[in-house]
Amino acid sequence: MHVLKSLVRQPTALFGLVIVLAVIVLAVAAPWIAPFDPDNQMFDGLSLEGAPLPPGGDFLLGTDTLGRDLFSRLLFGARTSLIIGLVANGIAVGIGLLVGIVAGYLRGFLGTLLMRFTDLMMAFPALLLAIVLAALLRPSLWIVAMVIAMVNWVQIARIVYTETRGLVERDFIMAERSLGAGHGRILFLHILPHLIPTAIVWGTLGIATTVLLEATLSFLGIGVQPPQPSWGNIIFESQSYFQAAPWLVFFPGAIILLTALSFNLVGDALRDILDPTQRGRG
Amino acid sequence: MFKRWLRQTTVATMVALAPMAAMAQSVTQGGDVVVTFKDDVTTLDPAIGYDWNNWSMIKSLFSRLMDYEPGTSKLVPSLAESFTVSPDGLTYTFKLRKGVKFSNGREMVASDVKYSIERAVDPKTQGPGAGFFGAIKGHEDLTAGKATGLEGITTPDAGTVVFTLSRPDATFLHVMAINFASVVPKEAVEAAGGDFGKKPVGSGTFTLKEWTIGQRLVFEKNPNYYVKDMPHVDKFTVEVGQEPLVALLRLQKGEVDIAGDGIPPAKFLEIKNSADGAKMIVDGEQLHTGYVTLNTKVKPFDNVKVRQAMNMAINKDRITRILNGRATPANQPLPPAMPGYDKGFKGYAYDVAKAKALLAEAGFPNGFETVLYSTNTDPQPRIAQAIQQDLAAVGVKAEVRALAQANVIAAGGTEGEAPMIWSGGMAWIADFPDASNFYGPILGCAGAVPGGWNWSWYCNKDLDARAVAADSMSDPAKGAERTAAWGKVFTDIMADAPWIPVINERRVVAKSMRMGGGDNIYIDPTRVINYDAIYVTK
Amino acid sequence: MAFLFFRRLVQIALILLGVAAITFLLLYALPADPARMIAGRSATAQTVANIRRELGLDQPFLVQFWTYLTNLLQGNLGRSYAQKTDVATLIVARLPATLTLMLAGIVVEVMLGLLLGTIAAVRRGGIVDRLVMMASFVGVSAPQFVVALLLLYVFAATLGWFPMSGYGTFAHVVLPALTLGVLGAGWYARMVRSAMIDVLNQDYVRTARAKGLSARRIIFRHALPNAILPIIAMIGIDIGQFMGGVVVVEAVYGWPGIGQLAWQAIQQVDIPIIMGVTLTSALAIVLGNLLADLIAPVIDPRIRTR
């Protein structure tokens, strides 16, 4: 409750929160709001020469290169992209925190082993991993989310590890330790809270990159399979049309941007509120 | 709009029909041309190169016994001065042109021809073209590693090559004109130590001057080429790694003369409708058919009625619209430009009601679920989605799987794996302009094997026998009869409907306004771009 | 120290071995068949079988991997299936271009990120801070392909300030480096800002400020050095990120680097090239991390004391 109150008090955070909630509501209510079936390739959705139609008229935001209503596709795409953004990023942050903290705090054999594994995964070009998984697995929304999580946790683990190492050397941890505090107490009461800002910064920023990574994966053949729309594949299908049909790039781009921005604003505010070292300091 | 398009097409046809001699008079010599491609050139070794972009470069670097008149599919002797065929069609004797020199200075002799073809067939070369020479006596022994040469090629003297075939092959002269039959000097191949593909030596119209890996290849005119005033340009530079969209922007600025990858869909209408559009777009027919394979070994496509219903369900006009009119609807496997194409054949008309009725007859009144494979580069997934929507209209729920090309090819060649495959992006131009090239690997029994390209897994012994019979008519006098026989094979196959022939895509190339030469030079039926015949007008 | 360094080298070798083994296994498990990609549509089954045999693809997995490893240890990366040339030659020919691009990209993003992040941290909460953060969000949220095309369209095609594609001069590197760097700069700006705000709120900085130290001195002597640690860690990680980014940027600007080589090899299932590029980028990433770990103690003495 306290968190929510603090959030609402900041205008930028409020703005972000409103947009995030609006996007969630629109995504959930997509079937009732969308004027057309998102997959319906309408014959009059293309000009006689086969060009997509600009915004206005029957189609609020215009049509795409197959004559489908862009507005309806964006609404339904929001569902796909939000699920991927939240699920994939949640998993990635979770794994990253766990591995980073354990390795940074414990060190020793287990810590070294974990970090070497992280190094191994990090040395692995993500693109290749994705392509091979594409060939081995049947592409679907959940597989895409999993692949993104597998690619993204590594960087978070590395950052968390570096920060944990820095924290462990700090005086207050040293003091706790000399007072005989157990590992659990130090980890959960002292180290984890300090890492929450990092987790939130990465968690929020990650949502935007996740949406973009999803688009790249669509291109590689393991994205969300057509015709199911996602913001990523909408923008990817049409990116080369930025001159001929700018709305196909502009609208999805602007929506991705706005949504990412909102998540960032909320995350940023949360960081200020949650960070114990900053509480009450404005 | 339509009128202008019509006029353009008429002009193109006239140019194609005009005798080459008349055109040659207005051709200017000299100039330096820049061509771009997205993909890097993998190799220029004629026994190995089989890509879309290196095909024409290899054509120009090397010469072969036979070749085609530029812009046409008319076979003419090239390195050969003349040739004779025995009445039984089993012996071909070629008299070589005298005084032809490789770019290393040595004169070409008959043993070079023998060496080059044996090299293309030898498994150690790892070349893709070995199968084309299957009719030459001794082919099996060489591919099985039991012999080191082909007994069917003999060289009675330095100026004569004799081929003995184990069976008549009506396409043999085409085979002698294919890239894999290019003549190479043995000493240069051996000196290159396996890197001949990067250091090619031939006797073609051009020589490779410079190759900066990943950036550019510079080809220079061969001054000793044995045909006067050929080629026309002094030099052409191929820049690789160039994104088609960027290549087009550069072409509009005058930095590029030919955008080899054509015009991306996003730019097509803009350029076509621009003031200079007509002068920059070359739009011509190629030997291409885009089709959907219906896997006869996967339920319910084992039922011919279902396959026929699928053929009636596709709205091909809409697909041509998605391609901005750069294609025409197809109704049979052969493309219209191929000898043997049946103009009178109607195929299956688009008829949703009839398709539904046929499906009900076959026991699927409520349709069924299936999977449609496609490659994942634009516009292929879009076309797959259009097909998906058409199928949904007759109750067939197809899941689209847009994958990398190699994965689609793997799925197609695995028995019982891929029910439907949209061929776009994979079915390239024919190797040579003969109907037989559209049968064996993709519709015949030989291709219906694991790892094959007959993704319908359709095997009709009766048609196979007719195909063999047609290919045995090697007497040129029977040419028309043979073509007709082939045409009938392809229309009869449609009764079994192993494919949905969807469209014949035209090829669209963008060239700068200073480039001269007819459209058929830029969309040559046997090459991609005919570098020998292009020229600069100012 | 020498022993530690040696141990690190052994670790690097083990990582590379791990990457090689995993990649080789994954490529082996792929359903796509390289022999068929070479053979093309018109090849007979016999031709495909012959090519497979000549490439050694008919051997069991362990035999193939062992052959690859023994060659690798002798410095032989093998020959490309499609190009029939030494993989090492192809990579060496293209590596300078990619390294140039990466270096330029890193310079752009670190400079921009440090500058913007510092400004934002100092002006925390103000309008400048908000504008900077907004700009960093825009950078972070923009699809790289679209940014590349937009820069190209505006600054090369329309204004003509820079060449549209190619390689060799300083003018050629500007737009690709900006495309790579601008996106990364958003991340850096945020990290720098977070780190600096943390530091600015530490008691010793507050004490310093209370003692009357000038703002500039606080930033340069106390805050900035502390913000550097996460940046160093980021650069190490970034090398991995760049390896993905260069594929897109190289494709748009016709940059002759290994990104384009890798992309084409993946399409052609040219396993020796994929292996070669994977190992090369893995090596670059591992060395980047090593560098980050070596530099960190120099800048942050707390780590050195352990």
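Letters are used for the chains, namely A, B and C, taken in the order the chains are written, and counting of residues starts over at 1 for each.
Everything that follows uses one rule, which is that a residue touches a chain if its C-beta (ideal position, glycine included) is under 8 Å from a C-beta of that chain, and two chains touch if they have at least 3 such contacts.
Since we're looking at a predicted model, the values are computed, not measured.
S.K.: Select the chain at the greatest separation from chain A, using centres from the mean of Cα atoms.
M.R.: Following the centroid criterion, the farthest chain would be B.
S.K.: By the contact definition above, name the pair with the higher C-beta contact count: A-B or A-C.
M.R.: Taking the two pairs in turn, the one with more contacts turns out to be A-C.
S.K.: Could you please state the distance in Å, as a whole number, between where the Cα atoms of chain B are centred and where those of chain C are centred?
M.R.: Distance between chain centres, rounded to whole Å: 39 Å.
S.K.: Calculate how many whole Å lie between the centre of chain A and the centre of chain B, each centre taken as the average of the chain's C-alpha atoms.
M.R.: 45
S.K.: Could you grab the centroid distance between chain A and chain C? Build each centroid from C-alpha atoms only and quote it in angstrom.
M.R.: Whole-Å distance between the two chain centres: 21.
S.K.: Name the residues of chain B that each touch 2 or more other chains.
M.R.: Those would be 245, 404, 407.
S.K.: For chain C, give me the residues that contact two or more of the other chains.
M.R.: Residues 30-32, 149, 153, 266 of chain C each touch two or more of the other chains.
S.K.: If a residue has to touch 2 or more other chains to count, which residues of chain A qualify?
M.R.: 131, 135, 240, 242-243
S.K.: Quick one: in the complex, what on chain C touches chain B?
M.R.: Per the touch definition, chain C meets chain B at residues 30-33, 36-48, 50-51, 53-55, 79-80, 82-85, 89-90, 93-94, 97, 149, 152-153, 156-157, 164-167, 250-257, 260-261, 264, 266-269.
S.K.: Applying the document's contact rule, which stretches of chain A touch chain C when the two form their complex?
M.R.: Result: residues 12, 116, 119-120, 122-129, 131-132, 135-136, 155, 158-159, 162-163, 165-166, 169-170, 197-198, 201, 205, 208-209, 212, 215-216, 235-236, 239-240, 242-243, 249, 253, 256-257, 260-261, 264, 268, 271, 277-278, 281 of chain A touch chain C.
S.K.: Write out the stretch or stretches of chain A touching chain B in their complex.
M.R.: It comes out as residues 39-41, 43, 46, 48-51, 65-66, 131, 134-135, 139, 219-221, 225-227, 237, 240-245.
S.K.: In their shared complex, at which residues does chain B touch chain C?
M.R.: Of all residues in chain B, those touching chain C are 39-40, 42-43, 45, 48, 50, 123-124, 126-132, 134, 143, 194-195, 197-198, 212-215, 239, 241-243, 245-246, 249-250, 253, 255, 404-407, 409-411, 413-414, 426-428, 431, 437, 440-442, 446, 449, 451-453.
S.K.: How about chain C: which of its residues touch chain A in the complex?
M.R.: Of all residues in chain C, those touching chain A are 11, 14-16, 18-19, 22-23, 26-27, 29-32, 130, 133-134, 137-138, 140-146, 149-150, 153, 187, 190-191, 194, 198, 201, 229-230, 233-234, 236-237, 240-241, 243-244, 247-248, 262, 266, 274, 277-278, 281-283, 285-286, 289, 296, 300, 302-303, 305-306.
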